[in-house]
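Structure first, commentary second.
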Amino acid sequence: MLLHLSTWAEIGQFLQRSRTIVIPIGSNEQHGPTGLLGTDWMCPEIIAGEAQKNADILIAPTFNIGMAQHHLGFPGTISLRPSTFIAAIGDWVRSLAAHGFEKILFLNGHGGNVASIEAAFSELYAEASFARRPAGFALKLCNWWDLEGVGELAREQFPTGHGVHATPSEIAVTQWAYPDSIKSAEYSPQIAPWGPIREAMDFRARHPDGRMGSDPALATPDKGRELVMLAAQSLVRELDAFSRESMPG
Amino acid sequence: MLLHLSTWAEIGQFLQRSRTIVIPIGSNEQHGPTGLLGTDWMCPEIIAGEAQKNADILIAPTFNIGMAQHHLGFPGTISLRPSTFIAAIGDWVRSLAAHGFEKILFLNGHGGNVASIEAAFSELYAEASFARRPAGFALKLCNWWDLEGVGELAREQFPTGHGVHATPSEIAVTQWAYPDSIKSAEYSPQIAPWGPIREAMDFRARHPDGRMGSDPALATPDKGRELVMLAAQSLVRELDAFSRESMPG
Amino acid sequence: MLLHLSTWAEIGQFLQRSRTIVIPIGSNEQHGPTGLLGTDWMCPEIIAGEAQKNADILIAPTFNIGMAQHHLGFPGTISLRPSTFIAAIGDWVRSLAAHGFEKILFLNGHGGNVASIEAAFSELYAEASFARRPAGFALKLCNWWDLEGVGELAREQFPTGHGVHATPSEIAVTQWAYPDSIKSAEYSPQIAPWGPIREAMDFRARHPDGRMGSDPALATPDKGRELVMLAAQSLVRELDAFSRESMPG
Amino acid sequence: MLLHLSTWAEIGQFLQRSRTIVIPIGSNEQHGPTGLLGTDWMCPEIIAGEAQKNADILIAPTFNIGMAQHHLGFPGTISLRPSTFIAAIGDWVRSLAAHGFEKILFLNGHGGNVASIEAAFSELYAEASFARRPAGFALKLCNWWDLEGVGELAREQFPTGHGVHATPSEIAVTQWAYPDSIKSAEYSPQIAPWGPIREAMDFRARHPDGRMGSDPALATPDKGRELVMLAAQSLVRELDAFSRESMPG
Amino acid sequence: MLLHLSTWAEIGQFLQRSRTIVIPIGSNEQHGPTGLLGTDWMCPEIIAGEAQKNADILIAPTFNIGMAQHHLGFPGTISLRPSTFIAAIGDWVRSLAAHGFEKILFLNGHGGNVASIEAAFSELYAEASFARRPAGFALKLCNWWDLEGVGELAREQFPTGHGVHATPSEIAVTQWAYPDSIKSAEYSPQIAPWGPIREAMDFRARHPDGRMGSDPALATPDKGRELVMLAAQSLVRELDAFSRESMPG
Amino acid sequence: MLLHLSTWAEIGQFLQRSRTIVIPIGSNEQHGPTGLLGTDWMCPEIIAGEAQKNADILIAPTFNIGMAQHHLGFPGTISLRPSTFIAAIGDWVRSLAAHGFEKILFLNGHGGNVASIEAAFSELYAEASFARRPAGFALKLCNWWDLEGVGELAREQFPTGHGVHATPSEIAVTQWAYPDSIKSAEYSPQIAPWGPIREAMDFRARHPDGRMGSDPALATPDKGRELVMLAAQSLVRELDAFSRESMPG
């Protein structure tokens, strides 16, 4: 069930049977010579969209701009500062909690978001902690590549050249979902270099075409389909376990 | 051209021929008994998406959560506070300006966003004004229903019962774009009441089913198609004029 | 009744008979070659001051610095950023609400303030909306030129050359109130140009003497008196209606 | 010269001969049974207004709402939080510095403002200090009762019962300036108690009628006139010395 | 009793017998040619540490970075902006108040901190004042040199050349506590100049070696010992009086 | 070399030969029945203090309060919210960068700090990234238990019962450094439970005595000494590598 294609009354009914919701969250940022700028927010959107076809789960609109300051040296990247990102996540959660959602799972598509999302969770919990009261909600961060079985499948599909940015697995996912937007390019070197992540100019100097340790040429739509189907199933199980978790507060 | 389905190199090439970009912006909020929660962000996304099919214009990802505090009494509404909204718009603009975009048009789908978006523009311009330097970019807010000819068409299509929230025109647009998500309900009264907009509890007390002055039963997918086609053409002209405007700074 | 010339005990007594208060709010900014820098905050102060002579209404001190970033290219302009403005309006309202004021009307004298004031209202209401509780107060923004009958009178007094900044109507009001500070100058052109409002340097380039579309030479103290007297009467009626409005929360 | 009764061109001319400006700053807060709520912002406004009659000095509009959280237990008090106050002072200074003002003197009327004003100065200077550049302006805080000779006169006028809040000296100043607003009441005890300053409820419990250590019955308009005349002369000398101070940056 | 060398259970037991805690607070900043960068936070830490040896009082960890923007022109200075400082003090207090501490004394070692600490107190109290509820805690700022008898002793020890920054008294305290870190240098002039405190570049231009009005050569470890012993005793008395103060809220 | 026991001139000299500095950073929070509240900030302080005895490295004062909102249910815990923590880290870094430090290593002692510290780094880098300029500094986060060889040693010392909070390794470090503050208690169960980390009330319900997965009874001062000596050596090597890293900006 997609929240944005539902009415408020339908969400009211859903809340009678479940207090859990998924927020696909990612980033809009360069993904090397052939990766789409929307890769990191489209991957969790695609997986969550697939998962809700066969399960009674609720998917929020996609949080599509994340923390991508290090990619600002490449045209098309849009980034929030961590402080803005934390404030925005806070308002999303406060909105959903006001409706009675108690388990909010962020399905994340961007490694660079992890620290800021966790900081946002702590900022939210701290309101309750300083006031010595229960928060009333539990938050969970789940990277799609950490869903059960997904990492194993990706390592099997791409034993070398997976890397950490503009990876063949994420590109494969978008290739399957957006077959009209498959791009090609020569990669040089075939597998991109690694390095520390600092400000945008430093990043671009170290990673001239935007990739980090990856060979996106390995991606195929079919591998993308395999990843999506597996991730969607794992997401449903993850949500089921999260929903059943008790809240001591 | 959709930014999120492009690579950074493609955006770099676009910047050689244009410095203009469109950001569809809206809100995710209740739209009465039959309107979709995503209505206000999907309308500008649909119109901008249509416009770029026949013109060399660039569409950013959709800014899908806006200022909807007054709708928080209805399940599914997600709102940013104005201060968060202003901060986030600021980071979007700073990101795009860093790449060299000089004309940034926000195609808006939610009346409740207008004040905060304009405040965000002033916040951004103020940085330059206090420093006595040019901003380097021009910002424009354009509600889709204010695009040339659109208001006239809507008044012609819906001479009575248009109202200001959960209007038949916006619902028609989403009906055309998402025909599988057309909902129906009995409306009572057929045309909803009006009232001041204050906090969420007050709003729900005044507008029990969420509508303001509208009769959404008048919407049809075909009327939606007419609105989208006209709005898309007007948007292209609007962008052309905006692009050609000189910047004295 | 002027709050600043009252004691706390007198305000306590007023609260026994009314929960309504007026805040004159404006801006301190250039007003063309002859307009006073204080025009936009003095106009609502003058009108409210006149209104309280004949009615049992309460006028707060004047909020004299608003959102005028676009005028910072002209000496004497003082501006708050929208974020600061929103924070300050918030504290004014929270202070008054703590005393039991329930209806707070901002009588505004500057068009450039409108968006930020409305954003400030939403920021305040949002606190209640996220917490699912009544706000306890209702806020109303009223530009003095929108008071009943005032626009008609101004159009009658100034059929051409009214414009939108450094208008003859606002200058007439200050001429009546501050006859010792009437200034004169040659205007060239007689009616000033219009243009979009962006950062200060851009604004000054488009409007070299600060006016927008106006011919201030048309102002006279007598026309100012007419405007003040009419506006003061309308304000009293507006407050009466606002006071009698019920609060569903 | 009063800035708000001047045009931008007149301020431009003033800047040719001086880079110094005075900002009267105070608070709107309870002042005991007979003190006016506006006492603390009216006193510096009165003194500065008097001073500019005989000297070529420039007076900005009055900053009329300060840090008065501890008085919020009494109706009519309006307070900014320190964080808001600091932000607003920052924008005032940045506005004036953008026009070329280099010496900005805050003539203060409220002891409770002192810490926050000084913190605001440090916040402004810190921008330059972190960037290792000159600030371009010098800020000075001057309480009107600390102007040369004023304390001596007040001690002479009121050898006992002066106290620190709702003092006979500040009330005398407003009595002279606003003779139609002189109030009277029985005081019990004649001289009010002292105590620490904490939150509003604590303050009101310790100081039931709002006074701290003072006997306002000692105030007379004539004593007020003496204080204003002396303070106005001292202010002119203070400004002269401040203007002539060199700026090493 | 030092909080950081205690367990949570021991603090829980302490709270059964006392609701009072001391926070040593200072700054890490240049202290002239021979003063240690840590002088201002080590002095209150040393005094509080000494005091708790003979009295059942509780000392929190040291808040070691304060408001020292004006010293940033000298290597090794670390400063918070006032806004950051206020936020951090707020979280310290909210944490301790959540545990039930009701009397929180900040033993301060840096004059430049005073305004920001007091602003922080007001920011905290304002939360309660706007909400018309008791704060639940009382805050006290106490400079170590203002503890009973300490100023007299310092004036006796250093009749000339005490000054206000890099004073012989504070340097003596650190000499006693850190005898291995006693530094020496030629001072020129022997007693340093005075001047206003503005941004860092201005400060360094006025005070080339960092001292303000002081002759640190007068410091000896033995004088430091005398100061510490006296201050420690006075602190215990100060805490005792503060603990016994009633809270009307 | 300890910065707080140095003069500004000595730091100026150090900057001639190195641009690298270490900031020990931790948290002040409950550490189970026997762990000291200061454990997490004392461990990096102890290790860094040891390291500088035999190497020409510079250690800043300890950043002793971190992100510990989940421990606020236990007396003595002091926590910053992530937003405050990020702001404070920002000011520390801006201060040090103003002096010319280019490599700033945060030696961290608290797992709960990691996300917020990384978010703070991104916040700092983003300033440069939005402005398309080099940051001028490189930041590194290094948990002391991740220093080369330390994890292996801890696993060897404590093959079972290490856990993640109130671990025997961190308690051993403080036992060695503060032998007079070794506490003892009965543990029940001997090895503490694990669970998700949310708000403070939830945390305390899941972990009644504060430990997570650990058996602190395994700690001994001697094991602490081994850990400190190894960590100190690894830190020196880590700093050496970090110092020699080139900065492409």
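In order of appearance the chains are A, B, C, D, E and F, and numbering begins at 1 in each one.
The rule we apply is simple: a contact is a pair of C-beta atoms (placed from the backbone, for glycine too) under 8 Å apart; a residue touches a chain by one contact, two chains touch by 3 or more.
Treat the numbers as computed from the prediction; the structure is a model and nothing was measured.
K.L.:
For chain D and chain E, which third chains touch each of them?
P.N.:
C, F
K.L.:
Minimal path length between chain A and chain E through chains that touch?
P.N.:
1
K.L.:
Which neighbours does chain C have in common with chain D?
P.N.:
Of all the chains present, those in contact with both chain C and chain D are B, E.
K.L.:
Same or different: at the chain E/chain F interface, is the fraction of residue numbers used by both copies above or below half?
P.N.:
Because over half of the interface numbers appear in both copies, chain F and chain E meet with the same residues.
K.L.:
I'd like the angle of the rotation relating chain B and chain F after CA superposition, in degrees, nearest 5.
P.N.:
The superposition gives an angle of 120 degrees.
K.L.:
For the interfaces A-C and A-B, which has the higher count of C-beta pairs in contact?
P.N.:
A-B
K.L.:
State, to the nearest whole Å, the distance from the C-alpha centre of chain A to the C-alpha centre of chain D.
P.N.:
54
K.L.:
Report, in whole Å, the distance between the mean C-alpha point of chain C and the mean C-alpha point of chain E.
P.N.:
47
K.L.:
Could you say which residues in chain D touch two or more other chains, in rising order?
P.N.:
72, 79, 81, 83, 95, 98, 129-130, 132
K.L.:
Could you tell me which shape the graph of touching chains takes: line, ring, star, complete or other?
P.N.:
Chain contacts: none of line, ring, star or complete; other.
K.L.:
Show me, using the given definition of touch, all chain pairs that touch one another.
P.N.:
A-B, A-C, A-E, A-F, B-C, B-D, B-F, C-D, C-E, D-E, D-F, E-F
K.L.:
Quick check: in the complex, which residue numbers of chain C touch chain B?
P.N.:
Residues 67, 69-70, 72-73, 79, 81-83, 86, 112, 114-116, 118-120, 122-123, 125-126, 128-130, 132-135, 138-140, 196, 198-202, 205-206, 245, 247-249.
K.L.:
Considering only the defined contacts, which chain B positions touch chain D in the complex?
P.N.:
Checking each residue of chain B against chain D gives 129-132.
K.L.:
What does chain A use to touch chain B in their complex?
P.N.:
Interface residues on the chain A side: 3-12, 15, 28, 30-38, 41-42, 60-65, 72, 74-81, 83-84, 87-88, 90-92, 95-96, 98-100, 178, 181, 183, 185, 210.
K.L.:
In their complex, what parts of chain C are in touch with chain E?
P.N.:
94-95, 98
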